[in-house]
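What follows is a pair of complexes built around chain A, which joins chain B in one and chain C in the other.
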Partner chain A sequence: MSKRRRNLNQLYPNPLPINVYQFPVLFPHNLISWISYAYSYYRFVTASPKLTKSDVLIVEGNIHQVKDEQDQKRLWCNGFFGKGILSRSEPTWHERTLVRLGLKENAAYNSNNKNRNKSKNRDKKNLASEDITKLRRNERNLYKKQREKLEQEEVQLRKQLDLARESVDERKVVQAKLDKLKELKLKVSDEQKTLIKEINEEIKELRPEDKKLINAKEHDVNQLEYLQLMPVETFFLSFSLGCVNVYEKKEIFLKLLSTTELFLKSVKSLKADDKFIMKYVVYHNYRSKGWCVRSGIKFGCDFLIYNKGPPFSHAEFCLIVLPNYVDESKNRHVSKKFSLLSGINRVIGGVRKSMILVYVNIPEDEQFNRVINNRNENDLIDFEKLFKLYKVTEIMYSRWQPSRNRD
Partner chain B sequence: MEYDSEDNLYDNEVDEEDVKDNFQDWGILSSKLSSSSSSANAASNLFKKGNKDFEPDGTNYQQKLLNNSKHRMYEILRNSDEKFRGHFHKNHLECLYYHDINKAVINKPKGNYFKDIGTVNRYNSDNQLYLNWEELLYLMERGNLEVFNSTNGVPISVQNCYSNCIKSNHDLDKYLVYSTLKRHGYLIQRHNENQDNSDDHNDYTHRQNLQNFVFNGQDDEKSVISTDVLINNDNFFVRNYWSIIKLVNNNSTLKLFKNSIILYLRKKSLLSYPVFASTKHFSSKHYKSYLDIYNSLQLIKYHNPYKRGISFTNYNSNSNSNNNNNNNKFKIIYNIWKPQVNFKKSNPPKPDYKIIILNSNLGNFPTLNDLINIFNKNDTNNDNDYDYDNEKEKENYNNEIANSLKNKKDNVNSKLNKTGKDDKKNNRNNKNKNSSNSNNNSNINNNNNNNKTYSANQLKQMKQKRLMKSLRDGYDNTLLVAVVDNGIISFIKLNEGIISTKILDMK
Partner chain C sequence: MSPLSQYVCNTCLFHYLIILDLQNKPFSSRRLTRRNKKQRMGLLLADPFFANYSLKQKLFDLRSELVQDNEVMSVLSNQVKQNLVYYNLWSNAKEVPIVVSDSKCFVLKALPPSDFSSSSSDSLNFKFSKLQEAEKDSSVGSDGREEYEYILPVDMDDKITMKFLDDCFEQIKISERIASRPNRIILGMVNDDSTIVYYFVHDGIAKPRKN
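Let's look at the complex of A and B:
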């Protein structure tokens, strides 16, 4: 466990795509270390840090693409931004295809999976996480089929019992059932092994469309996958960290967007309660508190927040973003139904996460417009002032059962 | 107490999810019967719960199982008149119902029920108790209490009692919640806002006024500045600093001069760009740790329940004007305590839960203002609690670190010594040392011998776990919401979150 953790820490050292200045170790009795320390302190104060910028392209439909592989890797490994469109989360399609086509033996991205599965099952060690899921699903299906079969047999046994009502038989039937159960377990584990073989064999077969993928000259596969960012992620990377260049396609040219242009492109309407602004306020708040924030659409909420990131642990909290207006009658109008919230909560409770309603205080239109219209000489919005108009309040929502909370 | 547990068996609500836990197995009851009395012969053969059958499979076997358990249930209901239904002779109680106050007076209360039920008549030294209508109904419903009319002394029927006591739909919801919780063994009392929280409330409003006073003189821009700065404004140096800044900003030539200097310094990368005003900040300034980066990224204001007086002006100003008509709806109805032995209704401890009761057909989820108002009013924690806890945690943490450092030293020592030949001797020395140490240290040193030292990493993990738990629990001011939907109750637990109040320190 600790080995795995260390490995993960090496793979994903930074929680943000910004490097931290590393001072050399200072030994008080060693003069040379003093000198190097002083020099590095001098550099710390005077030199500007290296910040490699990633390129984000906004195409039609407000899709934010990161196409360069290095950029993808940088954004994924340092803070887990975005999602590979052909993968579950980390963009691994290219590597997976290489492995599938036999062009690469032990893909680098597998290194963490390898370690993870060593303890569980040695046969799985060359599989990507997507394949492991597939495997697990197959196992589950198989188990369900087996169970169904067993239940049918049980009914038959009962019918037999109807015909012969003797206590001796009854005992025999019970015995038989128990035997069946044991058999089932053995069967399932047997079948598991054959399944793994199947997947490994499946790799060797070529699909007809594979020809188009392979780039024969470079002995490689064409990269089809890009990393897609949520608009709030792009805005955070651009406005707060300044570590991306955001482009937009203008006919054949690429136009570099300023943060204000990006902002105006992302909002639906320039209103104080725009969904993008609300979401960004929440996103920024939790990012700036050290959490890894990702989309929560899978669980029917707006955001999931991870401590560190998805490979380290499951998400701890699910966030639902709600407005809180100054006008109380408006609040009543938009407040959610009990059934809706309780439905979402049951889903979230089922995956052992806590649900949090994050209310965003919406400023009055007057205040909002004053900041939006008060641009500086370069026609830029003062976002710092804008976002300071907002405020978040967390309300934790959970189901309570009288029978379970007595002591 | 025995009856309390048996009471649960009459509870006909079976939560779908908890079928496994709460499923009525009449076999259990019948076994109790058979052990205590000889009357239940039919139920003597015990049957264990098996797998659930989902659909009829047309076999006699299944039919037989079903018939058996049905039979068992009827048997118990038939035989148990004295035991489980009707009035108990021993605990039979009588009370007089007063129509005008919708209350009943009980003359000689006896039995186990009055731990939380009833209020003592202060003006009458006789052993008299006033029962609220829901308490009256509850006792009557479970067969302990016979109700008589106060005017003519005629007994009141059960039906009559219900129609007298329950005067509105909301009352019905209240009674449903009350009786459900009561049957689950909780201790419940009506929440009395004026009595309990008058001090707190005064204190709160006082703080509120103070806060208004602090903020009133400020314009919008300055109210954004954190309160720490405001407080520091008293400082002579700070005031001077601000005045210089003002002077520079007002004088156009000085301003130009200042700007050109800043520009020059930035180009020479001697001065960093501001964080949010341009995107160049992180390519112009080095950071030592991610904690520093996160600190520089703080931008969004958040609600902090630990600092109630300071952060709540916004809510109250909205809600005072608008919420008056809704005051009735979002009011705490009951205080709830978990079952406990040392409960005194004259001097109850701090309630475990406070509950508001809403009807799902009459409205949606409460708004934030409603919730915060309730949270504000009922926060019984002191403002100092937080700091105290934090300090405690720090202390613990420091102790752990000190211990681990000690361990490391010992480890290094033993390693060094092991290069020599007399490691056995050293081990013995170590052990002697351990025994002379205090309890705490010796424990950890023993761990050390078992190769179970707390490394810095482990310490971090322990700290992380503790933090996560506290975040998951939220702020210690729990509000229950009972949502009644046509007689079905669903409970929701609400807390104020405290995630935003802390920065996760990863490194």
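Let's look at the complex of A and C:
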């Protein structure tokens, strides 16, 4: 486990896609500190790789694409930004498809036939996470089919039982049932073993869609996948870190967007309680506190926050973003019902996460408009001033059962 | 916008991109084969502002655009279709244009992979399964035994009413020319991080799935 952790730390060393240099403290009266300072400055100038900007393209439908492979890798490996559109998180579709179509041997199948039969456990470890999920689902499906069969038989047996009530028969029937159950267990475990084989065999059937994909000349599959960023991610990378160039299609040309333009494109309406601004405030808050923030749509909440990142551990907390107005009547209007919140909490509790209600204090319209309208000579909004108007308050929501946990 | 300019938009990242037709043939046909396109087009790139870009890397993968159909369809249904076909491995995906509440939208029609877990046998009431089968035979008819699923792409911010869903079922029946409304449709909800969450919507009561 610790070895794996060390490996992950090597793979994903930086929490953000920027380079940070730490200079030693400089004491003006101490000559040695001057020397060490000069040395580290020299190292910084010569050896350090220059900060490279990634390119984000905004296309129709507000989809933020990162198409360049190196850019994708940079954003994923340093802070886990974005999601591959055809993968669960990291863009691995191309690799997976090559294996699925039999154009490339999976690392797991590299060993020769003799080893293959023996090293199934190891094989499973080398599969992509999507494949492991598939394996589990297949197992579950097979098990379900078996169970259905067994249950039908059970119904029949019970009918027979009703007809013949003699005790000897009864015993026989019960015995038969037990045998069936044992058989089932054996069958299921057998099928688990053959599953990896089955995945391999599926390759033979090519869908017409797959044939379209294959580039026969180059023995390759056309890359369809790109990394997609959430609008809040793009804005964070652009405004806070300044490590992306954001482009937008303008007929034939591509226009480089300024941070203000990106902001105006992302908001639905230029109001203090715009959903994008609220989400961004929350996103920025947790990112700057070192959390890895990702979309929480699968659990019915706004964000998931990871301690370090998805490969390291599961997310611990789910965030729900809610507004908190100065005007209490507005609050009453937008506040969620407890039945809704407890519903979400049940889902989140089922995956062992805790729900956090994140209230964003919304500034008054007057203040908001003053900052928005007070632009500098380049027509840029002072975002630092704008986001200083917002404040974030958290409430942890958890279910308490008086009979169970009394402390 | 003409198909050509659309194509250019899809593929360029540069400030100036000029497309030369090497054989001087007009781009009349909307669907060019992959090879045709490659042969016919020469790309001439001029990039005064971003000269340090490595051109090879920054050029968007032309091939990836070519695989997609050039048909005019909404961004949303395109996203769902791509997810279905290349992530969930469904096949024969087609768009069915329908008109719901006076607005046009697309419903996708596709075949699930063979291991699709929730097939009709375990989601429908066991008692009525024979009845259902009889019905299905008449409704599927010429399509053969395969059962198509209908997927309605929706945005996260869309507000969906019962009336809207009811219209969808009805419109699918009309535009697909099938005898009865489909048993169920699938809502494909598209999130801003490209996650797509699918939900069944049954037309009437359905037996809950066993876990």
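Quick note on the criterion: the second predicted complex is superposed on the first by the 300 of 407 C-alpha atoms of A that agree within 3 Å, B and C clash if a C-alpha of one lies under 4 Å from a C-alpha of the other, contacts with A are read in each partner's own complex, and residues count from 1 in each chain.
One rule holds in what follows: contacts are C-beta pairs under 8 Å (C-beta built on N, C-alpha and C of every residue); 3 or more make two chains touch, one makes a residue touch a chain.
Just so it is clear, the model here is predicted, and its values are computed rather than measured.
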Winner by number of chain A residues touched, once chain B and chain C are compared: B
Which of chain B and chain C A:Glu153 touches, first, second, both or neither: neither
A:Glu251 touches, of chain B and chain C: first, second, both or neither? second
Touching partner for A:Phe387 - first (chain B), second (chain C), both, neither: first
Contacts of A:Leu213 with chain B and chain C, given as first, second, both or neither: second
First, second, both or neither for A:Glu364, with chain B first and chain C second: neither
Residue ranges of chain B in contact with chain A within the complex: 15, 18, 21-22, 57, 59-62, 180-181, 184-186, 220-221, 224, 269-270, 275-290, 293-294, 297-303, 314, 318-319, 322-323, 338-339, 358, 360, 363-369, 371-372, 457, 464, 468, 471-472, 474, 480, 483, 485, 490-500, 502-507
Contact footprint of chain C on chain A as seen in their complex: 55, 57, 59-63, 67-70, 82-87, 93, 97, 137-138, 140-141, 144, 148, 207-209, 212-213, 215, 222-224, 228-231, 233, 247, 249, 251-254, 294-295, 297-298
Residue ranges of chain A touching chain B (in the complex, touch as defined): 2, 14-16, 18, 20-21, 23, 44-51, 155, 158-159, 161-162, 238-243, 259, 281, 284-291, 305, 307-308, 316-317, 322, 324, 326, 328-329, 331-332, 335-339, 341-342, 354, 356, 358-359, 361, 367, 382-385, 387-388, 390-403, 405-407
Sites on chain C touched by chain A in the complex: 1, 5, 8-9, 12-17, 57-58, 60-61, 63-64, 66-67, 75-76, 79, 82-83, 85-87, 89, 91-93, 115, 117, 122, 156, 191-195, 197, 210
